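Two complexes are shown next, each including chain A; its partner changes from chain B in the first to chain C in the second.
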Partner chain A sequence: MIFALKGKSLFNSLIDRIQHVGAATIHSFQRLGHASVFLLEVIASCTSLLTRPLLLVKQLHSVGVQTLIIIVVAGLFVGMVMALQSYYALIDFGAEDSVGVMVALSLMRELGPVITALLFAGRAGSALTAEIGLMKATEQLSGMEMMAVNPMQRIVAPRFLAGVISMPLLATIFSAVGIIGAYLVAVELLGLDSGAFWSQPQNKVDLYLDLYNGIIKSLVFGIVATWIAVFEGYDCIPTSEGLGQATTRTVVHSSLAILFLDFVLTALMFTK
Partner chain B sequence: MSDILVKIRDLHFSRGNRKIFDGLSMDIPRQGITAIMGPSGTGKTTLLKLIGGQLTPDQGSIEVDGLNVHQLSTGKLFDLRQRMGMLFQSGALLTDLSVFENVAYPLREHTKLSEAMIRYMVLLKLNAVGLRGAAEMMPSELSGGMSRRVALARAIALDPMMIMYDEPFTGQDPISMGVLVSLISELNNALNICSIVVSHDVPDTLSISDTVHFISAGKVVESGSPETLRNSQSEWTHQFIHGDADGPVPFHFPADPIKDDLYR
Partner chain C sequence: MTSRKIEILVGLFVAAAMAAFFMLAMNVSNMSSYNGGEKYELTARFDNIGGLKVRSPVAAGGVRIGRVTDIQYNSDTYEAIVSIAIDEQYNKFPIDTAASILTSGLLGEQFIGFEPGAEEEFLKQGDVIDLTQSALVLEQIIGQFLYSKADEE
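== the complex of A and B ==
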């Protein structure tokens, strides 16, 4: 009797769990569908910015310029650490002159776009989600709709476009500052020859393969990170708890998406 | 032009499994103040959002000025909304703009008025709600009652044909309350518009409105002029107007009997 009961409840809990997984999967796909429709709407709304460029400028400031400082500081330190590490590794082979090219290539191809995007998601993405979500919770978005103003055009589109424009610029600045940091460590601190440091990157860095591909990567990361951020804000449950969850989801989902896409893009771009 | 501005027919609307409206029908005249009253949580805010086209009914229709709100294209709906003002329960001011800019916002969006003209109109509207002195303040520096008055100034900025007030009186001190009550009725008479007032405040609302609709359980319980409702024989209306604890109006949100809940 007891055994039969146990067996039944075990079976039930198993069914429950399967149902749970199924429901969660369906829910995820529904949200993905929602988010895709949302993205199309945002892109369509971007045309309205032609008549109101000031909205975009304001967002470029709060999304792009205000993220600059963390990008510059992080870029400097990443470049310096990379110079140190590659110097210690390369000197054993007498190849320490390659520090410059090694740092430049790693930054432009991988670290620049990826680290910038991760920092961007944490600094600008979370702020976008919180801002839009709070506007929703305080009925500001509804209020705009009732004033016959489309919040997609006035609120979401400028923030989205600002994020998409800022990301490649920030990533480029990150790489540039990183190379300067590497120069400071390698040449000024470790006494490497300045000519060797600069000449190798000049020969070995390819404009298309390295620079353009890096920029394409950062553009893709920018689109994805900003898309996730504005969608999570617009779609959040308008309570303090819902807002907190949405902000967390923005950072987690965009970070994972960035790392996954980086693998895909690298595989596509750098095949030999 | 017909005398009816808002025509609601057989409205059904649910939130999840809960039916909020169950065949509600109502006519709101083009002129005068119409009050919609009912216990908290009956769906008064929801009704205003349905009229404004922010929510879509499950069944039934809402016509505003002869247009079926839920069959309009987005562009047409936005045109219609320019002629509707709505005062939100929370105020819903844009927090990154000053009081002045909040009131100027609909003017800047929908008109090509000169800066001087906008300033003139905004100060006039702010003066009407007694907050001209607060023009340069930010919404975060205002009290709840002040925010609601700024929101009122914003709602009338475009001189709409109708204004929906969601609980305009909550959070007002007796003086601004008195001013607000007379303001709503003066605005209504001066602009000759349709005002829809949603409120719990029985004496003040009855004192200014021309028609009153009581709603409960998804339907209109009783409608009429304030006079007829005051003398109504209906137990429900009597209880609501006098605020008695006992009677047919439920105070509790629908639930299982308390005994079942407590001794589960």
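== the complex of A and C ==
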């Protein structure tokens, strides 16, 4: 450091910095390119699942069914908390009957898809990365290739497709359970009228604009989160350290991607 | 775990998601009020629509009979052109029916209220409602009130 400051010139150290930035940029674009090619390969490999549906069912179990518990519990409590908070905000205006529509709209448009996707990335995405990464580290993937079994078709494609199918299902369950939780708090605990709780959403919530767009959102999140998870696993450095880093990257990158995409999709869908 | 057990669990998972979807569609969203979808379109011209929006309800005698489908502004006549879709089962409104923009409650959402006339002929697809009453704009009313108060003194 002293050396750099002293003589050999500030200029050279500046050039070094710029080189680092350039290398990092090129590297990240390379990875993005790899990941895109990988995604196309995975989608092409998905056709082989038509002849082996059992592989998909097994993955639906480990990706979807085993994530269900956390989704249901989280959905219930998110709905209950939202009902409590919006009740305290709305009672000042005498509009506490709108708790139902407020909870239903925010769950179906935003919270259902987003929280489900974040939980999904943490629960299922990290498990997918660790599983595929360990297969790579213990050379099971290369072993399969030796036996002329395509690991893309056998390992990656069923996991990817299971993730993409599971996400919209989980998000729908999350929203429904959340609304039931809000009903329990608003009607049973706070004593709102149950007729107003259900009839206001029926007037305000649109089947296409709100419910279908929420499902489209969760489908996009499912594709992105599962894509990142299987890619990080398949692409990881096959050491224990590399595997740990890949799992961390899966959770961080998919969470950021989900939140960013949520903004983009909301801007596209709900602004006129 | 045997593959039979796994398949049963996955089946239950999918069934639960279906049930959740139908609960949201039927109980929470407005699908139950779509009722078939046979509708006819009317147009009404207003000087001022206030806070009326696309998808605002249209009611007659307090019962919802249709929805606003489109709102345009005609810069030649300086009027707002509101398109309305009425459910086909309510097809017996006389052609001198009046449409006015009302507010549910003091601060509630705005909707179009139909007041049936007395003519023999009925409104049909594509007709224009001539008798309209614009939205009451609270600021204007308060302004007029203050103005008249000031006049008295």
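Operating definition for what follows: the second predicted complex is superposed on the first by the 264 of 272 C-alpha atoms of A that agree within 3 Å, B and C clash if a C-alpha of one lies under 4 Å from a C-alpha of the other, contacts with A are read in each partner's own complex, and residues count from 1 in each chain.
One rule holds in what follows: a contact is a pair of C-beta atoms (placed from the backbone, for glycine too) under 8 Å apart; a residue touches a chain by one contact, two chains touch by 3 or more.
A quick note: this is a predicted structure, and the numbers were derived from the prediction, not measured.
Visitor: Would you sort A:147 into first (chain B), second (chain C), both or neither based on which partner it touches?
Guide: Only chain B; A:147 stays clear of chain C.
Visitor: In the superposed arrangement, does A:177 touch chain B (first), chain C (second), both or neither?
Guide: The second partner, chain C, only.
Visitor: Once chain A of both complexes is superposed, is A:211 in touch with chain B (first), chain C (second), both, or neither?
Guide: Second partner only.
Visitor: A:139 contacts which: chain B (first), chain C (second), both, neither?
Guide: first
Visitor: In the superposed model, does chain B or chain C contact more residues of chain A?
Guide: In the superposed model, C touches more residues of chain A.
Visitor: For A:201, decide between first (touching chain B), second (touching chain C), both and neither.
Guide: second
Visitor: Scan A:266 for contacts with chain B and chain C and give back first, second, both or neither.
Guide: Neither: A:266 stays clear of chain B and chain C.
Visitor: Once the structures are superposed on A, label A:48 by its partner contacts, choosing first (chain B), second (chain C), both or neither.
Guide: In the superposed model, A:48 contacts neither chain B nor chain C.
Visitor: Between chain B and chain C, which residues of chain A are contacted by each of them?
Guide: The overlap between the chain B and chain C interfaces on chain A is empty, containing no residue.
Visitor: Please name which positions on chain A make contact with chain B in the complex.
Guide: Listed in rising order, the residues of chain A that touch chain B are 135, 138-140, 142-150.
Visitor: Under the touch definition given earlier, write down the residues of chain B that touch chain A in their complex.
Guide: 49, 52, 54, 74, 78-79, 81-82, 84, 86, 88, 90, 92-95, 105-106, 109-110, 151, 154
Visitor: Which part of chain C faces chain A closely enough to touch in the complex?
Guide: By the definition above, chain C touches chain A via 3, 6-7, 9-10, 12-14, 16-17, 19-21, 23-25, 27-34, 55, 57.
Visitor: Mind pulling up the chain A residues that touch chain C in the complex?
Guide: Chain A reaches chain C through residues 54, 57-58, 60-61, 64-65, 68, 104, 108, 168-170, 172-173, 175-177, 179, 198, 201-207, 210-211.
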